[in-house]
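This report refers to the structure that appears directly beneath it.
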Amino acid sequence: MMNRIDQKFKTQDKILSIYFSAGFPNIDDTRIIIKELESAGVDMIEIGLPFSDPLADGPTIQESSNIAIKNGMSSQKLFNQLKNIRNETSIPLVIMGYFNPILQFGIENFCKKCKDVGIDGLIIPDLPVNVYNNRYKSIFQKYELYNMFLITPQTSEERIRYIDDISKGFIYMVSDASITGAKNKINLNQKKYFNRISKMKLKTPTIIGFGISNSKTYNTAISHSNGAIIGSAFIKFIEKNGTKKIKEFVEKFR
Amino acid sequence: MMNRIDQKFKTQDKILSIYFSAGFPNIDDTRIIIKELESAGVDMIEIGLPFSDPLADGPTIQESSNIAIKNGMSSQKLFNQLKNIRNETSIPLVIMGYFNPILQFGIENFCKKCKDVGIDGLIIPDLPVNVYNNRYKSIFQKYELYNMFLITPQTSEERIRYIDDISKGFIYMVSDASITGAKNKINLNQKKYFNRISKMKLKTPTIIGFGISNSKTYNTAISHSNGAIIGSAFIKFIEKNGTKKIKEFVEKFR
Amino acid sequence: MKYNVDNKGYYGDFGGAYIPEMLYPNISELEKNYKKISSEPKFINEFNYLLKQYVGRPTPLYYAKRLSKKYKTKIYLKREDLCHTGAHKINNTIGQILLAEKLGKKRIIAETGAGQHGVATATVCALKGLKCIIYMGEIDIIRQSPNVARMKMLGAEVRPAKSGSKTLKDATNEAIRDWINNPTDTHYIIGSVVGPHPYPDMVARFQSVISKEIKKQLKIKEGTPFPDYLIACVGGGSNAAGTFYEYLDETKVKIIAVEAAGKGIETGKSAATSALGKEGIIHGSRTLLMQTEDGQITEPYSISAGLDYPGVGPMHANLFRTKRAEFISISDDEAMTAGLELSQLEGIIPAIETGHAFAIFQQKKFKPNDILVINLSGRGDKDLDTYIDYFKL
Amino acid sequence: MKYNVDNKGYYGDFGGAYIPEMLYPNISELEKNYKKISSEPKFINEFNYLLKQYVGRPTPLYYAKRLSKKYKTKIYLKREDLCHTGAHKINNTIGQILLAEKLGKKRIIAETGAGQHGVATATVCALKGLKCIIYMGEIDIIRQSPNVARMKMLGAEVRPAKSGSKTLKDATNEAIRDWINNPTDTHYIIGSVVGPHPYPDMVARFQSVISKEIKKQLKIKEGTPFPDYLIACVGGGSNAAGTFYEYLDETKVKIIAVEAAGKGIETGKSAATSALGKEGIIHGSRTLLMQTEDGQITEPYSISAGLDYPGVGPMHANLFRTKRAEFISISDDEAMTAGLELSQLEGIIPAIETGHAFAIFQQKKFKPNDILVINLSGRGDKDLDTYIDYFKL
């Protein structure tokens, strides 16, 4: 069976992906949010596994992670929640989480559970490419899980080529030199960077994330790539509006 | 004319001497206090010239000095107050003061003024014997002023002999290793020290001062010497009772 | 060297660089350059010049007569408290500021716990005229207020870290986030032997001047460069790394690392990583850290802001796992008592961090002929309020 | 030496011992012994040992690059701030505690203004296990509270002086009174080159290590032991005496003594003794002091507790009268500004006392080739509250 991520990129030009922190605002919102997102027409979902010390995240995601942890979220809890998710949805599901909780769960165990519940890939911001390659790649492969890597405006061309080479699924283009957090604008330098990557004609699809918050930034992002990920803006929205009005949120981007 | 101090010791066995700070409690109390003391039967008076930083004095005299200075007391002021004092009294009068105000007034000028108003001697605690001898003795002699020296329980026998040798008037025996201040008792060590000095059979009369406060300490003191000086206890008394009841105070010692 | 870093950036199982891609250019720039630049004669000369003329090195190795008498053994104190700014921290900041200069950086960031590293960083930034921003936990800003004042006097901006336990761990998170946001003009001066490779090795090298001096000084005093025991407190572990560095492979020299037990290891209010920690990732390094079963990092506790950290540097994790070093946990109370004792026996008021090292005598006996070198990592000026409150002086 | 003390204890017209008879045995015991004891090899060895191993001497002579650039001249800083306890004061207390020990004293008293001398005294008392009582003006206890805390940590008792201006002068009075009350077992460690002979000379000798080191260090750095200018702040004058000592008779070396003008010489809120003082007696010494026409000692004022004294030591009175030294008055504002500037240009936060010396550049220009040595008499940790309040940092 083809990985759902690849399938999605094959069948669709521009991808709208939404990130949320599992266990936020309420511990049992995970399935609800996934189903709401899918029925709202989202193309891919990143499920954030909360971590106490999320180095690459801004205040919004930090805060949602803290609440999720207080609510009792953990790797095991998440897998329990996702147990029969594939009976209900076929949307690509990616878990995004820091390395330490995964390490504590046991890498192999974690990957196995991912496969069991039907997760398609992982984004682990603090697991560097070379460590992954040398130590963990074979485990991921065994469980047919994609591991997605990030690139940033500072990533050298050479390294981008290398990452493209070993990547599966997509490359996560961090939109700016920044941590996560909703921003209003995409500036000229960012556009230049998007163009630069675009011109490299990578074999792997790219999705732009960090700072995508409204239709304007979203449209700019997808005009330079294969899709965009919205995180903080979505979390702020459900913090304010709960899980009932998710369609409203998604509609703004369509 | 024989110095009034010598005269007093010649005619009287045991001397009661009282110290007060000039300008305390009120700036113009100086003459009143002198006359009250004389009529109460005191034998000698030490007029304290107040100083801002009286190193050898305890809190009572320090405080009275501060008030006196605030009231406007100064060397010149004191001499003005004492101008015709010898029309009114023949009691031996000694000025006790620290060296700096005297130095500022001018030593010679100060001595001259002392002679003019009829002062008999000076006690300057911070003018050491050798400095006096080398630099100022001739001036004192010119104005027929006695300069009295202190001895303490720590003063060596050799030095006591030397001081006795050069002394005129009396030797001021500091009763204890201490600064001024009323005390209730004279202890065994002090008595031993009094006896030791007594046995030295000095040519100069001795008066015991510092810590003499009541008839008991007074009587012990005069039983070992030629007299005693009361300071802090008297100042406390007039602070409380003003200058009207000085007789009451003095009577307790007779 | 067996116990030192390998060429991949690991100490045994520990170390490495577990960093988000956003930091890759910075970390690899450092990794490529730190050894090269720091071994150029020009660099070495300026480093040594500043250590001598500005920091006041060599610091004495002082024989503590009254302390030795009390504990019936021979105790030498390595006087890092006499360094300019009052702790060993400046050895490292001098090294890193020179490196930052060579790399053309214009803006310096740092985290700080006790404030000593913040002050040491602000100091070298003033010396070099570079912009300086210090992240410090909100709680530490209160309990180490003299150091906050010093940083401000030195022209640094102090930014409070308000997340988590509001202490060193969180200040480090904030500094890393700043670096992610400012990847080109900024150098991040980490203050201990923690963080991603090459930081642990780089900081240990700059701090190794401590053990280099001990070797020479002890040779003169005792005829041998080798003490029986080396003792140092461990927060992240930089003063300890500096103290142990030259002796790592001299296994006849016993090494004791002293951690903060806080209110006691069992109380849940502790920062004793070796006793309570498990292998994991913190601040880009694979090491021992205190964490929940789920891998959430635990909020540590110690009365001493500089030890109030849930991890240890990877060198120390390895020294612990290989049993090269003995790890001892000292409670708040023991550390405070030892601090007061050193003050009154030797006239030296130690930092509370340092007080932990001196509390060793409350747990361990030594022989009359044992030669001990204790690193007196810093002075206690910053801790006076805490001492006064604690002892009701 | 022409400008040094004569064998009667005078510097020209100044000095001597104007003490009450109660102090005669103590002062003459000292006078008889201080030179003899302090020139015995055993004493010299222990003094030098402690200065090196405990205090951390020699202190560097540091070329202040950024300050030199700003003021277009060559500025060296003698780093007394790096001494154990943070100021030059400890040079003297080490010497005196050894002397007290030899004299069999069991109890030590001292006065303190900024608290640095109090801390230095409490420190050596802890080191030697002697009882220690420190007199400190009530106002100084408030404005130098970190040092009060340090003294308590070191086991000293701090007694407030509540008379007069409640500052250094009054603390000195109280200490002298204590000595009168305790003539046999007690040694009084005076903290500056003030008080009756032999104190000014004794303290100057113990502090002279500063200029001895400058000579050697400058020779290495500049090829000559002679700077063009020596600059130091003067409270009582001990750091200045130490800085000038070896150069007193080298008249090619210009000497600048910096006094505290407080809010300004004309304001009545000042401590600039040379500008405002007249010859007189203070604390047993004939010297220049601020006083009324009647000879009452004036209450001085300076933002800096260590300079808030109405006199100067007799050595300095003589240097002023003979014009060997130039005296300059620096206001609170100038001193504070200079303190901040040094912090931000060189990464060294000076004591406010010391800040006065650095304010020289606000009043005087130097030539590009002039070599200046400024004594950095102490660090500013004790003054952080004052700085922060003043600059609203």
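Letters are used for the chains, namely A, B, C and D, taken in the order the chains are written, and counting of residues starts over at 1 for each.
Operating definition for what follows: a contact is a pair of C-beta atoms (placed from the backbone, for glycine too) under 8 Å apart; a residue touches a chain by one contact, two chains touch by 3 or more.
Predicted, not measured: the structure shown is a model, and the values here were computed from it.
Under the touch definition stated at the top, subunit A and subunit C share no contacting partner at all. Chain centres here are Cα averages; for subunit B and subunit C they lie 66 Å apart.
Per-chain CA centroids place subunit A at a distance of 96 Å from subunit B.
If each chain is reduced to the centroid of its CA atoms, subunit B and subunit D end up 37 Å from each other.
Of all residues in subunit C, none touches 2 or more other chains. Chain contacts here run in a simple line, from one end chain through to the other with no loop closing. Pairs of chains that satisfy the touch definition comprise A-C, B-D, C-D. Interface residues of subunit D, counted against subunit B in their complex, comprise 16-22, 24-25, 163-164, 169-170, 173, 176-177, 180-184, 278-284, 291, 293-297. For subunit D in complex with subunit C, the residues that touch the partner chain are 52-54, 56, 59-63, 66, 79, 81-82, 84, 86, 122-127, 129, 146, 149-150, 152-155, 340, 343-349, 380-381, 384-385, 387-388, 391, 393. Of all residues in subunit A, those touching subunit C in their complex are 51-53, 55-56, 58, 62, 66, 69, 74-76, 98-105, 125-129, 131, 149-152, 154-156, 159, 174, 177-179.
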